[in-house]
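Order as written gives the chain letters A, B, C and D; numbering starts at 1 within each chain.
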């Protein structure tokens, strides 16, 4: 029974596994000081057209978020984000563990706007009795599958610059975020419209790994100290370098994501065609149809999915995720089933 | 030119790679809730004869140390360790980052005794103006390659119990620690003589990964919350489970370590036969010969090693590490060279 | 021009000053180990009928809140409070500085109910990816001047006990909170309906100082270590003991608060009589009338007050505070002015 | 029986009490925004000839140390100090509570030299696996009563500047430190030879309070946020301003300290005349004679003192402190007794 509940249920893309296998017995210096990391960083700088950027490789998303935030902010500063933001609701207080308050903004469908940021900053006031906003955190695509297009990101980044806030983009799902049809951002655009962003490997073809790209020179100094202090400097850092080399090779990262989005949109079309309502209309690989209890019963016979939230007495929103590893047949079968619901 | 500077320069043991490859396309729940983690935990409980233990899998040593310590101690409590202890000198303040003071004890050759712990606790005093010792941290083998034998560990554990301190053993190099000839501890002994210990994968056949074995029931509650908060709950936790399954299968972990120790002892014998002094006489895979500048020059032509410390005007102590991946021929060549130094 | 903006603009009650003066040249041990602290603690235990309680004296509210919360919670636990709670909005992230997330609940007029707590706990979910609620924080009176009566507190405390949460009451304004006409709680009731509470001195007659009363034995152990670690163990702790002796003597603390409430209610009656709307109808010493710009202009000629929030195009809610130090004449004049607004 | 165990057993100097009494019913804005704080800051800037300095008033020493250190350092940076430094041994890990490691240097008689700092920094190494030294902390006078003279302070400050470290001077006992005969530093010198220092009130005439003088512009920004976050912004901040006004008025702070040193030197002379050995030869108000058990027995009949450490089978070093509040007669009687020991 195929499991659509999440997009990191399988291991890694065959090209990544091949690279790991081929380099397995190489002797490489530890902690990211190896040639694979250096090469992967170069490839990323080239892809995102940011030749001056610092690139670091970390194992997971929670650790990269907390480490970058704690590195960028002074102790009394906080980080603004959508109330649904991963750092606010799904990281067990990892940001607070570093001493910083997360300042949630209501937002809409997982996104926040420049205006919303301005209002929140004004509400915080400008006095030492309240946390000082120091950064805005967004994710692309968001936790609800939505995306920021160029206009939205320009708006947000300009607001941040006006208010003296860093803008950090959590790209755990950056691949599908940039491949979404509603997203008109090229990789190089992204690198011009924020202070730092990550390129998520875990949910797009790697065994694990997030590449952190630091664009703002103020945030570069001594970041490796922060990584070590936060326990997120991988001993065999080469494992991250090798994987990202494979992912960046011939844009595998994006071609993979494009395929994922295409599959997801086939499912979305099927849902809409069948007349099923969507809790959020996501243009990426997470879909949130609302199904009745009867419909769910049928789903249960064939697929695994994630229960998202009870919508009313008879219906529940669920999450269906497509990943690079999802077989075409699984998608076909799902679409077939949807037609019959 | 073979590199003896460190024991984690290569990737993983072929058996581990094979297991990762074979399970790559399985769909598994994330965050360590998969059957491989469950199975690996069972294998560890069986090997160490601790059926009641909780077993968690984390990516790296610094994170497992900080997470366990922060989970076990109250905010004002500190952790005693040898001044050379990894948490004191090589983790960029990762323990202090969680708010806890490391209380170093001078020790000898990387080890500390029950008496030294008692003296230090007495010196701290029993009043609220000083940090309250709450735990003793040791490593097996130590950062200097030495080991605790049964008598030493019994002494330390009983002292800890008398003083109300937890005893935690960092087993980043547990394999060679237990396989050292001077160590008369069986795996099951270890599990009876401490409150928690780790089984290091990174330096003994895995790509990465440390298994944390929690024996004392007081330390078990809600540890997964701590892992998540500290950013060290791996999304595809199955990668850790799969690797430890392979390492525990037919005691590969220990047979690998035995081979490593044997190779290291061949090198040690060669050093002693040649009359070269040792900074520390280690029974495990890290050797610390003192070489003259002339001898180092010859070494430089054939091998890479780690400079440890300048001993006098003409000599330097170096570190030579053997690992599971070190080819027999490399060891042979090193021994041959030593004979000629 | 009398300043009604806040209730801690003056120094201390004459009885407190007298006690400080008379004891000034006594030699007393430091850090709260003096006979005055011991005596004041006894008086508090007698007044609140909690003979087993531990009583500690700290200088300020932010520090006592952060210290108690950090002492009570494990690192991954958070504290629930009203969104308007002092720890959430006016302490510059002092709780987060200790590594704990504040989990705001919308509440109503500064208060939260047992049901609201239950709903929030359910929303957090019971899994290690979210912060685990460990405590409920309320203030009595609240930041908006409202109070919990017996029924409300019983409801909240029972909910906390059912859910395994500590209930902590910030009593920075406990005096007026318990003296409010709408509050049917006696001091001894309070001590039976929470795990810890404070008795605020700063806003009720002392130069500074909050007495922390710990009722739940689980929270007592080693609290003095926490105080010292958090930098809030006053060297000359006797200053706190002496002040609370004076405040507890013949119930000065409560008679003072009663007078304050009476004065405030005179002002409230005048506001209502004059037909001025109230943003919140507070039964304690903070009043929140909504005044038009014209009315404010008249106020500005005679009194200082705190601007609270703009309500509409023409009106603003302001805060007027009465304190133990407010002269009767100032209240009379304020009432007279209100009649003319 | 007069108690010489410590220098903060009494309340405050009569001039301080008078000032507090006279200003008691003034209405002043809170949190240090009152005219007394502004005036006291001006007086301090004038006395120490540092017109550009920022001056903040905090209640206690542990909090000012932790707050300044946490404000100045990035998360992975540590603070070097003498092993006997207050932050290392008597603050229950308050610095570590903010996430920073204290890096102790052995030192001599409570002091450290530029050379010792350089050696320690070199030992730490310059790599991200160890804590990065960011600051040097010293105290004047030290915990052992010794002082830095001009040459020693110049040496240390230049070393700090060469190594990119801040130099912070804990002046909990700055009065006696600067009044010691062996100290050739004028107040204005001190302000030129460090990045920040404190002027201790608690041990020199105030009820409580430390003035923090920040000289280096890099350390000034947003310090009030740090104070609030660390729970050390006193609500009625005027109490600190008023006290420091009184202490700075006509140099009371220093004339008081001069008298204290003179009295202490009378005691020291008596000890030396009687031929009693000193554990440390302190030129300030803390004296450390070594007494035999017989001599202690006689002392016990007349005075209270602090036991410092057992020196040998028959003798113990004790601490005798003189303060501004010590009556001349108590000193006379002590000297008389010493003559008879």
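Convention: a contact is a pair of C-beta atoms (placed from the backbone, for glycine too) under 8 Å apart; a residue touches a chain by one contact, two chains touch by 3 or more.
Everything numeric here is computed off the predicted structure, so don't read it as measured data.
Peer 1: Matching over half of the contact pairs by residue number, can you pick out the copy of the B-D interface from A-C, B-C or A-B?
Peer 2: More than half of its contact pairs match B-D, so it is A-C.
Peer 1: In degrees and to the nearest 5, what turn takes the CA positions of subunit B onto those of subunit C?
Peer 2: The best-fit rotation has an angle of 180 degrees.
Peer 1: Centre-to-centre on C-alpha atoms, which chain is most distant from subunit C?
Peer 2: Of all chains, B has its centre farthest from that of subunit C.
Peer 1: What whole-Å value do you get for the distance between subunit A and subunit D if each is reduced to the mean of its CA atoms?
Peer 2: 50
Peer 1: Determine the centre-to-centre distance between subunit A and subunit C, using the mean Cα coordinates as centres, and give it in whole Å.
Peer 2: The answer is 42 Å.
Peer 1: Using Cα averages as centroids, what's the distance between subunit C and subunit D in whole Å?
Peer 2: 34
Peer 1: Residue numbers in subunit D touching 2 or more other chains?
Peer 2: Residues 75-76, 91-93, 97-99, 128-129, 132, 225, 228-229, 233 of subunit D touch two or more partner chains.
Peer 1: Over in the complex, which subunit C residues touch subunit A? Could you list them?
Peer 2: Going through subunit C, the ones touching subunit A are 75-76, 78, 89-93, 96-102, 128-132.
Peer 1: What residues on subunit B touch subunit C, complex-wise?
Peer 2: 31, 70-71, 74-76, 98-99, 128-129, 132, 222, 224-229, 233
Peer 1: Tell me, which parts of subunit D touch subunit C in their complex?
Peer 2: 2-3, 6, 8-12, 17, 20-21, 23-30, 59-63, 65-67, 91-94, 97-98, 202, 207-208, 225, 228-236, 238-239, 325
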